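In what comes next, subunit A is part of two complexes: it sits with subunit B in the first one and with subunit C in the second one.
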Partner chain A sequence: MNSGGATGETVAGPGGPALLTRASQAADRNFKYWMIFPAVLVILLIGLFPVIYTLIVSTQNLTMMDEDTTFHGLMHYRALLEDARFWESLLHTFIFVVVALPAELIFGLAMAYLFLERLPGRQIFVALLVLPVITSPIIAGATWRLLFDNRFGPINQILGWFAGEPVPILWTVDPNFVYPAILIAEIWQWTPFMFLLLLAALSNVDQSQIEAAELDGAGFWRTFTRIVLPAIWPVMAIAVLIRALDLFRLFDVIWALTRGGPGTSTETISIYAYVLGFQQFETSYTSAMAFLVIVILAVSITLILRRMEIDR
Partner chain B sequence: MDRRKFVLSASALAGASAFGLPRLANAQAAKTAVEAAKQFAGTEISIVWEAGLQSLDPLNFSGPLWEKGTGIKVKVIEVPVAEMFTKILQEHRAGTGAYDALNVIPSWMPDLVRAGALEDLDPYVDKYGYRDELNAIAPVYRDNQMTVDGKIYGFPDDGDVFIMYYRKDILGDPKIQAAYKEKYGTDLPVPPKTWLEFDQVGSLITEVTGGKPYGAAFFREQAYGNFMFQERFRAEGGKFFDADTMKATINSPEGVKVLNDWVAENKWMPAGVETWGFVENLAAFLNGDTAMTVSWPPYGRWAAGYGTDEEALSWVPKSKVAGKVGYALPPGGHPQLAAGFALSVSSDSKNKDAAYLFIQWLNSAEISLERVQLPYALRDPFRDNHFASEEYKKLWPEAPEYLAALQAGAVSGLLDLSIIQTDRYEEGLRQAISRLWGGDDPQTILDETAASWDQVTDKIGIDKQKAAYQAWASKPNAYPK
Partner chain C sequence: MRADKGLGLTLRYVTAIAVTVVFLFPIYWLAMISFKTPEEIFAFPPVWWPESIQFANYAVLFKDGDVDTIWNSMVIATVSTVCAMFLGTMCAYSIARFRTGGNFFADWVLSNRMIPPIVIVFPIFLLYVQLGWVDTYVGLIVLYTAFNLPYVIWMMRGYIQDIPLELEESALVDGCSRWQVFMKVVWPMARGGLFATAVFTFVFAWNEFIFALVLTRSDVTTFPVQVTHYFGGQSNFWAKIAAMSMLGTVPIFIAVALLQRFLVRGISLGAVKG
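Right, the complex of A and B next:
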C-alpha cells in the first residue's frame, strides 16, 4: 500500500502544489532523523541491549553449577536487599567518592590556578603532571604498593627520617592506613585530569571582567565566586560528573593495593561484583547487583544534573 | 593389605626397579603417544598454561619437541593462575572450543567436572595404553588429584608440596645450640619437628642474633596464608566441617590456636612479614636474612643456585646460602600439597584425541623427567622415577636430600580442600587472614568466617555439599592419619 508520500502521481490534483510543498517539508524534517537513525541504532544495541540482557539474566538463576534460565522473579533482588556485604561495599564506594572527589577538585583547581600564569617551563611541567592520567590504573596501584612497602618502600623510609626512628606502617594491612593509602594513590592519579580540564576552563575566563572587578575593589574570593566560578562551572560540573562515575566503579588501585581487605573493609561495589561474578560465577545474582547499581546511578545522575543545571 | 600381599608387592616393586622395567614402560607411553599422534600431523592444538615461568616449558621445550615428533603444532594460551578457572569455565559456557588441553589446579577439578568442562580420560587411557605408567605417579598425587567420582579427569603433573628450608650452619651454630640448651634444657632440634619446637628455635635465633638473621619468616599474605592455614589447622587436629551436620568447624580451638600462634610468631619474624608474598619471602631467605622458611619446591632449587643463571630467572636474587640449606618436612610432618597442576582435556575440544595424546606424552615418565629438570620451569617432581633419578640427584650437591624431602611430602602431604565451590570457602579464609593482620580477634574472625561458610553451604545445599565433602574427606590425604 502506498502511504501517499512524496510521489508526484499521488499528490496531483486540486491543491496539488501545496500538498507537494508540505510533503517536501516533512521529508526535509524527517531527513535528519533518518541520518541519525543508524547511530541511534548502534547506541541502542551497544548501550541498551546489555542493560536489558542484564535485567533478563537477573531474573534467572545462572550459577557456576546451574544454567537455569527459567524465570525466578525478583529472587536475587530480595537477596540483595538482605546482603550486608553488598550494602557495605556500596558504603565503601560512597566513602571513596565523597573523599576523593572534593580532594581532586580542590587540588586540581589549585594547580590550574598555579599554572594559569605563563611560567617558564610551564609546558614541560604540565606534560609531567599529566603522566599519572595516562598510566594504567592497575600499574599505578602496583607501583603504589611498592612505594608503600614497609621494607623497601620509600614512603616509610622518608617518614622515618622525620620521625627519627624506623616507621613500620603496614599501609596495605593496617585498618587505620588502608583508606589513606588508597585515597593517596587515587588522588595522585586523577587530580591531573581535573587540573587539565580546569586549566582549559580557567584559560577561557574573560580577563577583562576580572580586571574590572579588581578595579572595583573585589577580593580574590568575591572575584572567584562571582566571575570565575560561573564561567568555569559547565566544564567543572562535567569534570566532577566524569570523576564521580569513575570513582563509583573504582577497582584497579584497590585490587592492587588491598584486594578489598583487610577482610572486606575496602571492598567497593566493583570488587564485590568481580568476585561474585567472575570468581564465583554467581551470574544472575551479580546481574541483579549490576542492574540495581545502574538504577541507583541513573537516579543519582539525573538528580545531580538537575541540581547542577547543566542539562539545559 | 595383608602381610603376604605386601611382601609380594614390595618384591615386585623392588625387582622392577632393579631391572629398570619402569623406565622401559615409561619410554613406551611417550612413544605410543607420538606414534598415535602422527595421524593428526598438520593440525594445531591449544593448551591453557599458567602465564610466566610455567609456560616456558611448552613454549621452549615440550611444545617444539612435540611438533618435531608428531607434526602437531602447540598453541600455548598463557593465563594468569588467578584467572585460569574463570577463563576455562567461561570458554566452556560459551562453547567456543578454543581450548583443547588444559592445566587445572586439582582442587578445581570437582567444580569443573560438575560444570561439564572436563573430558573423562578413562577411555583414552585404555585406548592408548597409559594405565600402568599412570600408576607410577607418586601415590599422594595419583590417589588424590586424578579422579572425580571414580573417573580420571586429569593427570597429576606437578609435585607442589610445602617443604621447610633451614640454614644448617645457623641451626648447627654451637653458640645458638648452647643458648637453646640453656634456655630449654634440651638439645636444639635440627630441624624442628613440631610447631612448638619451631617457635622455640626461631625465637631463640632472633634473640641471639638480634635479627641477623631472623629465626624464620613465611609468606603471610592472604592468598598464600590460606594454604598455610589449611595445613597447620589440620596438623593441629582441626577439621573443616562436622561431617554429619556440615556445620563449619574452623572456629574450633585448633583454628584459634593457629591464628594466635601466627600472631605470636610475627613478633620474632621480620617487621612487616604480614605483607610478605612468594617473592619477598624468597628474597629474604636467599639473601640470608632468615634462617628457616616453608615454601614450594622451587625455593630449594634456587637456594642451591640451580638454574638461577638462566635469563628467565634473572629476577631471582642470587643465593647467598647455597650449600648451607637443609630440606625437611614442615613442623607437624604433614605438608600442604598446595595448588599443583593436573593436565586435562577440554570437553569442548574439537581435537580431543590429539589433545589427549599431547598430555599423555607430557605426563609420561620419560618426558616428565626432563620437564621437572628444566632449570627455568616450575614443575616439581611427582613420579617415582623423578624421586629416584640419578640424573636429577647430580644437579647440585644436596639434590638427593632435596628429592628425599619431596618424596616424604608426597607420602604424608595434605590435600587442598576441594568441595563444591571451594573458592567461596577459601575466599572466607583469605579474608580471615587479612583481618588477622588488621588486628581483629582470632576467635571473632573464625566465628564469623564459620558463619559465612555455613551460609555458603546452605545456599549450595547441605546434602549436596555433604556428599562432596565426604568424598573429599575419604581420600587418603585429606586429613592426617
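Right, the complex of A and C next:
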C-alpha cells in the first residue's frame, strides 16, 4: 500500500484515512484522466471550438455571396460600434432583464411567503404551480399568442368586462403593448422558478432566530433584512444569476409572439444575431457580434460574481 | 386569537387558489382550444369551455404524420440524456474523488453552461454542414449531450460527494479495478441523483428550440419547431398549434409530477440540497 505518490491524491473519507489509494497498476494512475476525457472532448467540440472559430471568421469577410477568407482585421468590430440596430438590440435585451428579473424575484418571494406556513394541500399547489417552468418556452410563447389575440383571445375579453366596452388591443403589433405582452409571458413562465427555489430556501431558515428577533420587537422588514435575507442569499444569488443569464439570451418567447417586431422594436441580441446569420447570411459580421457578446458576458459575469462574494 | 388565525388561513387559502388559477389559466386555455371545433375557436366572444371534448384536432396530426416530430424529440432527448448522464457521471466521479483539474477545471466546466446558444449556433451550423450532420439525429444528440454535460457534471459531483467512501474502499480492497468500483458501487449508489438529474437533462433536450430550428430541416424536426411551422401570416392553425403543444407538453408534466421530490435541487443547480 502506498499512500502518496502519483495516484495518492484521493480525498480522505470523513474522519478516516485515505484508504482509496492504490498505486499498483499503470492503468490506475491514468484512471482519473480517462474518466474526464470523453466529456472534455465533447465540451471542447461544442463549447471551445465554436468560440475560437467565431473569432477567426470575425476577422475575415464571409457573406452568402462572398467566400473571402483573407484577414480583414477588426473591420466588422468597427462596423458593429456604428451599428445602431446592434446597440438597440442590446438595449432591448437590457430592458427585458431589468424589468423581468426584479418582477420575478418579488412575485416569487411573495408566493413563497404565501406557501411557507402550513396550508392544506400545499403539495398539490406547488405541483401545479411548477407547470409553467417545465413548459417549452416556445410553446409558452405560442400559448400567450393565442391568449393575446385581439379578437378571439380571452385577455381582451376579460379587460372588456372591467372597461365595460370591447377592448381591441393589438398586443403583438401595437408598439405600446408588445413589451408588456412579452414581459407578461416571460414573468408568467419564470416566476414559479423563483418561487420554488425561494420556498425551499425559506423553509431552511432557522425559525428560532426569527422568533427571537420578533420577541426583541423587530418588525417584519427588520427581521427580513437582518435574518432571513442573509440566510436565503446563497440560493437567491444562484437563482438570480441563472435567470439573468437566461433573460440575456431571450429568444423563444419573442420569436413566438412578435419575431422582434413591430419593425425591430423588440429585437434582442439573440433575435438580431439570428436574423443576421440565418436570414441575411452575414457570416463574418454575425461572428464578430457573437464574439463581442461573449466578451461582454464574460466581463459582466466576472464582475457580478466578484461583487456577490464581497456581499456575502 | 384563534378566530384570527382561522381567518388568516382562509385568506391565505383564497389567495393561494387565486394565484394558482392565474398561473394555470394559460395551460387551461391551450388545452381547451385543442378540444374545440373550428367554430368554437373562432367564436366571438370567446368560448370558455367547449361544448364537447372532441379529438378531431389530434386526429389530424396523427393522420398527417405530424406526430412523427414527437418521436424525433423522444429519440433525440432520450439518447442525448443517456449519453450526457454516462459521460457526465464519469467526469463528475473523477472530480469528486480525485479533484481532477482542481477548482479551475470545475469552474471551466460550469462556465460552458453560460454560453448563450445564439453565440455558438452559427459556428456549429457551419461545422455541421462540413460534417454532414445538419438535419440528422446524431447532430442534435451530440449537441444536446454537450450542452447538458456541464449541468450533469455539476449535479452529479454534489451527489457523489454525499456518498460515503467506505463502500468504494472495501471494493478496492476486495480486488475490484477502479472502473469496476465506478460501475458496480458508485453507479447504483448515485441512483437517486441520476434520476433527478436525468429528468432535467431530458426536459432541456425536449423543450429546446433555437438549435433545433437552425439544425433541422424536415427529417428530424422536433416538436417545438413543428409548432412554429403552424404560425403563418394571417391564418394561424390554432387547432394544430394547441393540439401539437399539448402532445408535447403533457408527457413532460407527467414525468415531472412523478419525480416531484427531486424538483427543487434539480432546477437550482444543487444550490438547495433536497
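By our rule, the second predicted complex is superposed on the first by the 263 of 312 C-alpha atoms of A that agree within 3 Å, B and C clash if a C-alpha of one lies under 4 Å from a C-alpha of the other, contacts with A are read in each partner's own complex, and residues count from 1 in each chain.
We take it that a contact is a pair of C-beta atoms (placed from the backbone, for glycine too) under 8 Å apart; a residue touches a chain by one contact, two chains touch by 3 or more.
If you're wondering where the values come from, they're calculated on a predicted model, not measured in any experiment.
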{"item": "Contacts of A:L170 with subunit B and subunit C, given as first, second, both or neither", "value": "first"}
{"item": "Which superposed partner A:V133 touches (first subunit B, second subunit C, both, neither)", "value": "second"}
{"item": "Which superposed partner A:L197 touches (first subunit B, second subunit C, both, neither)", "value": "second"}
{"item": "Contacts of A:S265 with subunit B and subunit C, given as first, second, both or neither", "value": "first"}
{"item": "Partner with the higher number of touched subunit A residues, subunit C or subunit B", "value": "C"}
{"item": "A:R151 touches, of subunit B and subunit C: first, second, both or neither?", "value": "both"}
{"item": "Partner chain(s) touched by A:L257 [first = subunit B, second = subunit C, both, neither]", "value": "neither"}
{"item": "Subunit B versus subunit C as contact partner of A:F278, first or second or both or neither", "value": "both"}
{"item": "Subunit C-contacting residues of subunit A that also contact subunit B", "value": "151, 278"}
{"item": "Contact set on subunit C toward subunit A in their complex", "value": "9, 12-13, 15-16, 19-20, 23-24, 26-27, 29-30, 33, 41-46, 48, 87-88, 90-91, 93-101, 105, 109, 111-112, 114-127, 142-143, 145-147, 149-150, 153, 164-166, 168-169, 172-173, 177-179, 182, 203, 206-210, 214, 224, 227-228, 231, 236, 238, 241-242, 245, 248-249, 252-253, 256-257, 260, 263-264, 267-269, 271-272, 274"}
{"item": "List of subunit A residues in touch with subunit C within their complex", "value": "9-11, 13-14, 16, 19-20, 22, 27-28, 31-33, 35-36, 38-40, 42-43, 45-47, 49-51, 53-54, 57, 111, 114-115, 117, 119-120, 123, 125, 127-140, 142-147, 151-154, 157, 188, 191-193, 196-197, 199-201, 204, 234-235, 238-239, 242, 245, 248-249, 251-252, 255-256, 269-270, 273-274, 277-278, 283, 286-287, 290-291, 293-294, 297, 301"}
{"item": "Complex contact set, residues of subunit A against subunit B", "value": "64-65, 67, 149-151, 166, 168, 170, 172-175, 258-259, 261-265, 275, 278-281"}
{"item": "Contacting residues of subunit B [partner subunit A, same complex]", "value": "85-86, 89, 93, 111, 114-115, 222, 270-272, 274-275, 280, 420-421, 423-424, 427, 431-432, 434-435, 437-440, 460"}
